[in-house]
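First the structure, in the form of C-alpha cells, and then the observations on it.
The letters A, B and C name the chains in turn, as written, and every chain counts its residues from 1.
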Amino acid sequence: MYEFDWSSIPGALPLLGKGLLVTLEVTLTAIVVGIGWGTLLAVARLSSNRLLSFLAAGYVNLFRSVPLVMVILWFYLIVPQALKGLFGQDIGDIRLVSALVAFALFEAAYYSEIIRAGIQSVPKGQVAAGLALGLTPGQTMRLVVLPQAFRNMIPLLLTQAIILFQDTSLVYVIGLSDFFGTAYKVGDRDGRLVELLLFAGAAYFVICFTVSRLVKHLQARFIK
Amino acid sequence: MNYNWNWSVFLTPVPSGETTYLGWLFTGLQWTVALSLSAWVIALVVGSIVGVLRTVPNRWLSSFAAVYVECFRNVPLLVQLFSWYFVLPELLPPALGNAYKQSDPLLQQFLAAMLCLGLFTAARVAEQVRAGIESLPRGQKNAGLAMGFTLAQVYRHVLLPMAFRIIVPPLTSEFLNIFKNSAVATTIGLIELSRQAQQLVDYTAQPYEAFIAVTLLYVCINVTVMFLMRRLEEKVRVPGFIGGK
Amino acid sequence: MRKTLTLAAAAVIGSALCAAPVLAQESPTLKKIKDTGSITLGHRESSIPFSYYDDKQQVIGYSHEMMLKAVDAIKAELKLAKLDVKLMPVTSANRITLLQNGTVDMECGSTTNNLERQKQVGFSTSIFVIGTRLMAKKDAGVKDFPDLAGKNVVTTAGTTSERLIRKMNEEKQMKMNIISAKDHGESFLTLESGRAVAFMMDDALLYGEMAKAKRPGDWVVVGTAQSKEAYGCMLRKDDAGFKKVVDAALTKAMTSGEAEKIYNKWFMNPIPPKGLNLNMPLSDDMKALYKAPNDKAYE
C-alpha cells in the first residue's frame, strides 16, 4: 500500500501562500477587467449599430469556441511582442502578464453573455420610461437598465468567478507558479507529488465550497 | 514584426518521416473527438443517474448525489486530471498499479482523461437533470403515482422524457464545453489537438501557423456540434413551452 | 603595413573610447541591453546540474555560472555601471520561441547546438559535450537500446533525444511506447513511478536526475551513446556583435582554467538539492573543448 508522507507540506506553506496570491491576482484582475470589458461587449452586441453588434458577437463567439488552454498559449506567444510595442522592454514576468491579459480577455466573453442576458431580463417598459423621461439612450442604459440588470446577475457573476478561480490553475501550461503550479513543483522537487496534489485539491475544495455556500446565501437574500 | 509566414510547413514530413505535420494535426483531431465523445457518454449516463438521485425521496441517496456534485464542481479540472493520472495508480495495490503503469502510455493517458472529463461533466449534467425534473409541475409525479405507477416507472415514463426534452439547450452547452475542456489532457501528454499545436511549434518554429490551424479546427468542431444540436433541439422541442412550436 | 598598424591602433583606441556605442549599433541585442539597462536570461528549472532551482528557488548550475561569466563581459563591454539581470524559466519545448519572440536575450542551460536549430537561432561557443544514453533501474534488465523493444520509454519533449528515439522506433520497428514529458523532472518522475522502464536523455542530465532520486543507488546509466552533442548558449540569429562578446567571455573562461573549476564544482563535488556527488570526471571531449573552444555542432 502507498505510504503517505505529508512532511513536505508545512515547510512549503510560505511558497504555497505566494502561489495563492498569484492565483488571486489573476482571478481578481480577470473579474474586474472581464466585467468591465464584458459590459461594453454586451452593450455593443445589443446596440442597433449593425457593425458594432457584429464585431462584439464575433469576439464573444470566437473566445467561447476556443479552449482556455489554447487562449493562454496564444497570449503567451503574442503578448511579449505586443507589450514591447506598448510599454517598451520593462515588463517583468512575462508569464504573469500574459496570463493576466489572457484571462481578462477570455473571461470578458463569458461575462458579456451573462450580462447580455441580465440586460435582456430588464422589462422593455423600463427603457421606454427612461426615454420618455428625456434621458438619452446612453443614460437610460447606464442609469436605468444596468443597475437593475446587475442586481439580477450577481449570483451568476459570482458563480462564474468561482469557475474562474478554478480555471486559473491552467496557467500550469505556461509554467507560472500559481497555487497549483507551486504545489506541483514542490511535489516534484520532494518526490511527494501524490500528497501535494491531494492537498491542493482539498484546499481548492474548501475555498470554492465555502464561497459557493456564501453565494447561495446571498442568492436567497437577493431574490425574494 | 518580421515573421516568415510559411503555410507549406504543414505539408513537410515530420522528422521520423512516417507522416506530414498535417497528419499530426489530424491525429490530434481524432484524439480530441474520441476523448470528448467517450467522456460525453460517461457524463450523460453518470450525470443522469446522479441527477435523478438528487430528486428521489431518500435522504441517503440524495445526499450522496449532492456530495458527488459538490466534490466534482469545487475542485479544478486540472487537479482532478492529475489525481486520476498521478495519484490513482499509486493507491492501487502495487501489483495492479505496476501492471497498469507498464501498459501503453497512450491508453493510460486516454483512460485518465476520459474518466476525469466524464465524471467532471457528469456533475454539471446532474445539475441540469435535476433542474429539468424540478421544473416539471409536481402534479405530474403525483398523477403518475396515483395511476399506480411505481416511483421508478414514474421517472421512466413520465418525468425523464419531459425533463430531457427541456434540458437539451443547456446540455448543448455542456457538450460544447467537453470539447473545450478536452484540451486540458495536453498536460498529461495525450496527443490531442492542443498538444499537437505545441509540438508543431517546437518542431517547426512556425508558431502562428500551428496555432491558427488548431484554433480554426476548434472553431469548426464548435460550429459542427452547434449545428447538429440545433437540429436535435428543433426535433425534441416540447410544444406549448417557450420556444416550442 | 604601417597604414594597417595605424588603422589597428586607431581601432584599438577607438574601441576603447567608443566601442560600446559602435557595437551596440551593430547588435540589436546589445543595443536593447544598453537602452534598457537590463538583460533577460533564460534558464531551466530542472536541468541538474546545468541550470536548475535549489531549494530556495535560486537558479544554480554549471551552465548558469558560465552564462553569468558572459553577462559580466556584456556589462563591461557596454560600460554599464549597473545591469539589471532578469531570469526567465524556459522549457525544452518553448525555449526557441521565447528567444525568437524577444522574451529572453540568451539561454544557457542544456541546449544542443545542431544544424536544425541553427536555422532558427544562433549558438555561442560550446560549453559542454554529452552523449545521449539511457537511465534504468539496476534490476530492470535494460542494458542497451535493443532491450527497449515493446516497452515504455520516456524522454523530454522538444529534445534531440525525443527526435532520435522516435526515429529509431520508426526505422527499426521497435514498437516502443514513447512518452514525451514536459521537462526532465517529469521524465524522471515517469521513470521513478514505474510508468517507463528507461529514460533517454543526455548522459550528464541523467546523472543529474539520479542525484535527486529517493534512492540514487537504484539507478544506472546504460547503453551506447546514440549521438554526441555539444551544448551552447542560444542567442538570437544573425546578431554577430552580441555573439562576439559572449564567445570571447566563454572562450576566456575555458582557456584560463576557470571553466574547469566550475566543472569540478558541479560534477566532482556534492551539489544541491541532496548533496550528492555526480563523480563525472572531465571527458576527453570536454578536455578538447576547453583546449580549443569552438561553436561547431557535432553530426
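Simple rule for what comes next: a contact is a pair of C-beta atoms (placed from the backbone, for glycine too) under 8 Å apart; a residue touches a chain by one contact, two chains touch by 3 or more.
Bear in mind the structure is a predicted one, so any value in this text is a computation, not a measurement.
Undergrad: Highest contact-pair count belongs to which two chains?
TA: If you count contacting C-beta pairs, the leading pair is A-B.
Undergrad: Which chain maximises the distance between its CA centroid and that of chain B?
TA: Max centre-to-centre separation from chain B belongs to C.
Undergrad: Averaged over CA atoms, how far is the centre of chain B from the centre of chain C? Could you give it in whole Å?
TA: 41
Undergrad: Can you check how far apart chain A and chain B are, centre to centre, with Cα atoms defining each centre and the answer in Å?
TA: The separation of the two C-alpha centroids amounts to 21 Å.
Undergrad: With centres defined as the mean C-alpha position, give me the chain A-chain C separation in Å.
TA: One centre to the other, that is 38 Å.
Undergrad: Quick check on chain A: which residues sit in contact with 2+ other chains?
TA: Answer for chain A, listing residues that touch two or more other chains: 77, 81, 193.
Undergrad: Among the residues of chain B, which are close enough to touch at least two other chains?
TA: Residues 86, 90, 187, 198, 201, 207.
Undergrad: At which residue positions does chain C touch at least two other chains?
TA: 94, 97, in rising order.
Undergrad: Which residues, counting only chain C, touch chain B once they are in their complex?
TA: Spelled out, the residues of chain C in touch with chain B are 92-94, 96-97, 100, 119-120, 152, 157-158, 163, 166-167, 169-170, 177, 179-182, 193-197.
Undergrad: Quick one: in the complex, what on chain A touches chain B?
TA: 1-2, 62, 64-70, 73-74, 77, 81, 162, 166-167, 169-170, 172-173, 180, 184, 193-194, 197-198, 200-201, 204-205, 208-209, 212
Undergrad: Which residues of chain A touch chain C in the complex?
TA: For chain A paired with chain C, touching residues are 15, 76-77, 80-81, 84, 88-90, 93-94, 175, 185, 188-189, 191, 193.
Undergrad: Please name which positions on chain B make contact with chain C in the complex.
TA: Touching chain C from chain B are residues 15-18, 86, 89-90, 97-98, 101-102, 104-106, 108, 187, 189, 198-199, 201-202, 205, 207.
Undergrad: So in the complex, the part of chain C that touches chain A is made up of which residues?
TA: Those residues of chain C that touch chain A are 32, 35-36, 38, 45-46, 53, 55, 57, 88-89, 91, 94, 97-98, 101-103, 185-186, 189, 192, 212-214, 273.
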